[in-house]
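Below you'll find the structure, written out as structure tokens, and then a few comments.
As written, the chain order gives the labels A, B, C, D, E and F, with residue 1 at the start of each chain.
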Amino acid sequence: MSATPSTPGPIEYRDASAAVRAVFDDIKRSRKVDDVNNFWKYLARDPATLKRTWESVREVMTPGALDALTKEMIYVAVSVTNGCGYCIASHSAAARKAGMTEAMFGELMAIVGMANETNRLANGYRVPIDAAFDK
Amino acid sequence: MSATPSTPGPIEYRDASAAVRAVFDDIKRSRKVDDVNNFWKYLARDPATLKRTWESVREVMTPGALDALTKEMIYVAVSVTNGCGYCIASHSAAARKAGMTEAMFGELMAIVGMANETNRLANGYRVPIDAAFDK
Amino acid sequence: MSATPSTPGPIEYRDASAAVRAVFDDIKRSRKVDDVNNFWKYLARDPATLKRTWESVREVMTPGALDALTKEMIYVAVSVTNGCGYCIASHSAAARKAGMTEAMFGELMAIVGMANETNRLANGYRVPIDAAFDK
Amino acid sequence: MSATPSTPGPIEYRDASAAVRAVFDDIKRSRKVDDVNNFWKYLARDPATLKRTWESVREVMTPGALDALTKEMIYVAVSVTNGCGYCIASHSAAARKAGMTEAMFGELMAIVGMANETNRLANGYRVPIDAAFDK
Amino acid sequence: MSATPSTPGPIEYRDASAAVRAVFDDIKRSRKVDDVNNFWKYLARDPATLKRTWESVREVMTPGALDALTKEMIYVAVSVTNGCGYCIASHSAAARKAGMTEAMFGELMAIVGMANETNRLANGYRVPIDAAFDK
Amino acid sequence: MSATPSTPGPIEYRDASAAVRAVFDDIKRSRKVDDVNNFWKYLARDPATLKRTWESVREVMTPGALDALTKEMIYVAVSVTNGCGYCIASHSAAARKAGMTEAMFGELMAIVGMANETNRLANGYRVPIDAAFDK
């Protein structure tokens, strides 16, 4: 029987195709960083997903009706709920860069914890939706 | 064989104990509403959980380093990620009352969707945490 | 374009194959009931899954080191965490039949809520596992 | 561009405020331990969440209608379902201290696995709730 | 106190802006259908999310290294795991249109159930990753 | 107070009971491997769960209406959605052995990400199921 194929790793800039380099360059310019995070280096194994994901993230995270800090805290809330270690680390760092203080982080975690608790109380008690919420 | 016991329902104010009424009164005063939502009427079947949950929610949701609207949007982000129908309906309504516009709601949903997507891309590509996030 | 194929429904005893009837008969005997629940009638569309699932559930739920009531409450804890409406309804009913009182139900829900909360606090604060838990 | 702010770590007793020390002392007394777990040292970064979470956990986990062992096993069931590594390690250890044998652990895991499976079968087959569960 | 704002509903073609109609028209052309599903009518409340989501879904679901049927079954597997009622209904219908037989559906559900079970057994037993999987 | 009991580890073939060895032998024969994975060595602590899980996995993963590669990719989709690190590693390796190319892996991840996103958009916008999906 053949051996297990080795697990592919990240794509570094020096080894990247022109299409991948174009996305990396845009990330570096947009974020004013010298190198892209591991997330993008791994996605680079599939250039179509790299490009689509970066363009979607850039569009969604650009400040609009919500500011950059609020957007990053919402990203953290989802990542903590899902237990994605990578995403918690990277988006907590991004939120701190965008101005999240320790007091804000504490309140964010408190809400995420409480919402996960009351979500299950609502499930377990089988609470029907109040008519007022549906009008 | 004995019949299935009937499923207990909500506790209305008129049928509530003094301990439950005290919590209901505090909710109505704090929120300036005439009646409490179904969530509290169902929790009232366990007065200790009703009291602890209300006091925790009140403490966590009081504006502090984060304002009321941001807090409600974080609550919605968690509830949507978990797929809790009751909580999505009730906290979306609360967020709208706190000032969430359609444009804000649209951006909130866009981030929640995107975060749920990239959480799984990070999982699937088995992306290691960048050293920069851990210093 | 062709129409959407209609969604298949439950298999009733009168329409069931001999293989499906054998499983239905075993469920009815084991549980001392006149008819099987919807869950089994839907699974009957795939007789292999019906048989394997029933035999696994029967083996797992038979009282052993843990009694029937504890087992049903654990089933409810998982179902509430996942937000499976059908499973919450059916296993809460089974737990009540096995002796779960309102006080037990209240404590069960309180723990499920609290565990879902502290799971996220541990995620969000990125708490490393204490050496003591790994010795 | 400014550097990423460093990630805050745990608060040790010697560095803790009086408010945090009061909670740590209560945990050590209640649990008859010489030091608190990492979970509490990280939560200590937000004294309000530390206090509220400890008081809630203490209230919820005190033996009542359910005994200490049953409560810890339910906590493990939720933590395993959510995939919270820290919580699985800490609450499995707590359950063993409370008397969980290997046989009990094996049955607990078997139920958690089975419930996670049948939750999805019920979702996928779109099984409607039996009228009997709602009366 | 002000009333709860009413919950916004779907956008029908006749009420849609030119930008929304352009997306609706593209969906109808691509899928050879007379009207778009509710999902798109609700997303239309945020034209940017409508456009980005449709273009991403179209790109991702176009047959490539994987055929249309395999792609739809993977979509169903995720939706069943997450318990998204709308997505289970819509993508099961899409999979049937793409050729999913009852036998395929049965095997799909069996795998989804089994994977959800063994995911939790791996979590609960805290199984370390074999060196062979990382080479 | 007594020390925390040590966490049990894997069962190696040389230390296994006859019942466990019989399952290990069957796994090695079926999969044409020299040793079983850690997953089975940990499950071996509960011989009944080891046997039941192996027999179920073998039955479910045998090629039928779906081929081996499609089955492994569905397993990966569920494991990535749940964030089970062990299962992602082991079933990605199995899928590669069964013939999954990098292009297939890229498309698989793209669908899993997209489905996790649109599942939440459907939740958050509270999209009702189209009548066409229920006929």
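Keep this in mind: a residue touches a chain if its C-beta (ideal position, glycine included) is under 8 Å from a C-beta of that chain, and two chains touch if they have at least 3 such contacts.
A quick note: this is a predicted structure, and the numbers were derived from the prediction, not measured.
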Legend entry - Chain labels contacting chain B and also chain C: A, D, E, F
Legend entry - Chains touching both chain A and chain E: B, C, D, F
Legend entry - Chain of greatest Cα-centre distance to chain D: E
Inset, instruction - Note the rotational component of the Cα superposition from chain B to chain D, reported as an angle of 0 to 180 degrees in steps of 5. - result: 180
Inset, instruction - Determine, among A-F, D-E or A-E, the equivalent of interface B-C; equivalence here requires over half of the contact pairs to be the same by residue number. - result: A-F
Legend entry - Most widely separated chain from chain B, with each centre as the mean of CA atoms: F
Inset, instruction - Could you tell me the distance, in whole angstrom, between the mean C-alpha positions of chain C and chain E? - result: 25
Legend entry - Mean-CA-position distance for chain B and chain A (Å): 22
Inset, instruction - Could you tell me the distance, in whole angstrom, between the mean C-alpha positions of chain B and chain F? - result: 33
Legend entry - chain A residues counted as touching two or more neighbouring chains: 4, 7, 45, 48-49, 52-53, 56, 60, 81-85, 89, 92-93, 103, 106-110, 112-114, 116-121, 123, 125-126, 132-134
Legend entry - In the complex with chain D, residue positions of chain B that touch it: 4, 6-7, 48, 52, 56, 59-60, 132-135
Legend entry - Of all residues in chain D, those that touch chain C in their complex: 7, 37-39, 42-43, 45, 49, 53, 56-57, 60-61, 64-66, 70-71, 73-75, 77-79, 81-82, 84-87, 89-93, 101, 103-104, 106-108, 110-112, 114-119, 121-123, 125-130, 132-134
Legend entry - Footprint of chain D on chain F - complex, ascending: 1-2, 4-5, 7-8, 45-46, 48-49, 52-53, 82-84
Legend entry - chain E residues touching chain D - in the complex, by the definition given at the top: 76, 80-81, 83, 85, 88-89, 92, 108-109, 112-114, 116-121, 123-126
Legend entry - chain A to chain D touching residues, read off their complex: 32-33, 83, 92-93, 96-97, 102-103, 105-107, 109-110, 113
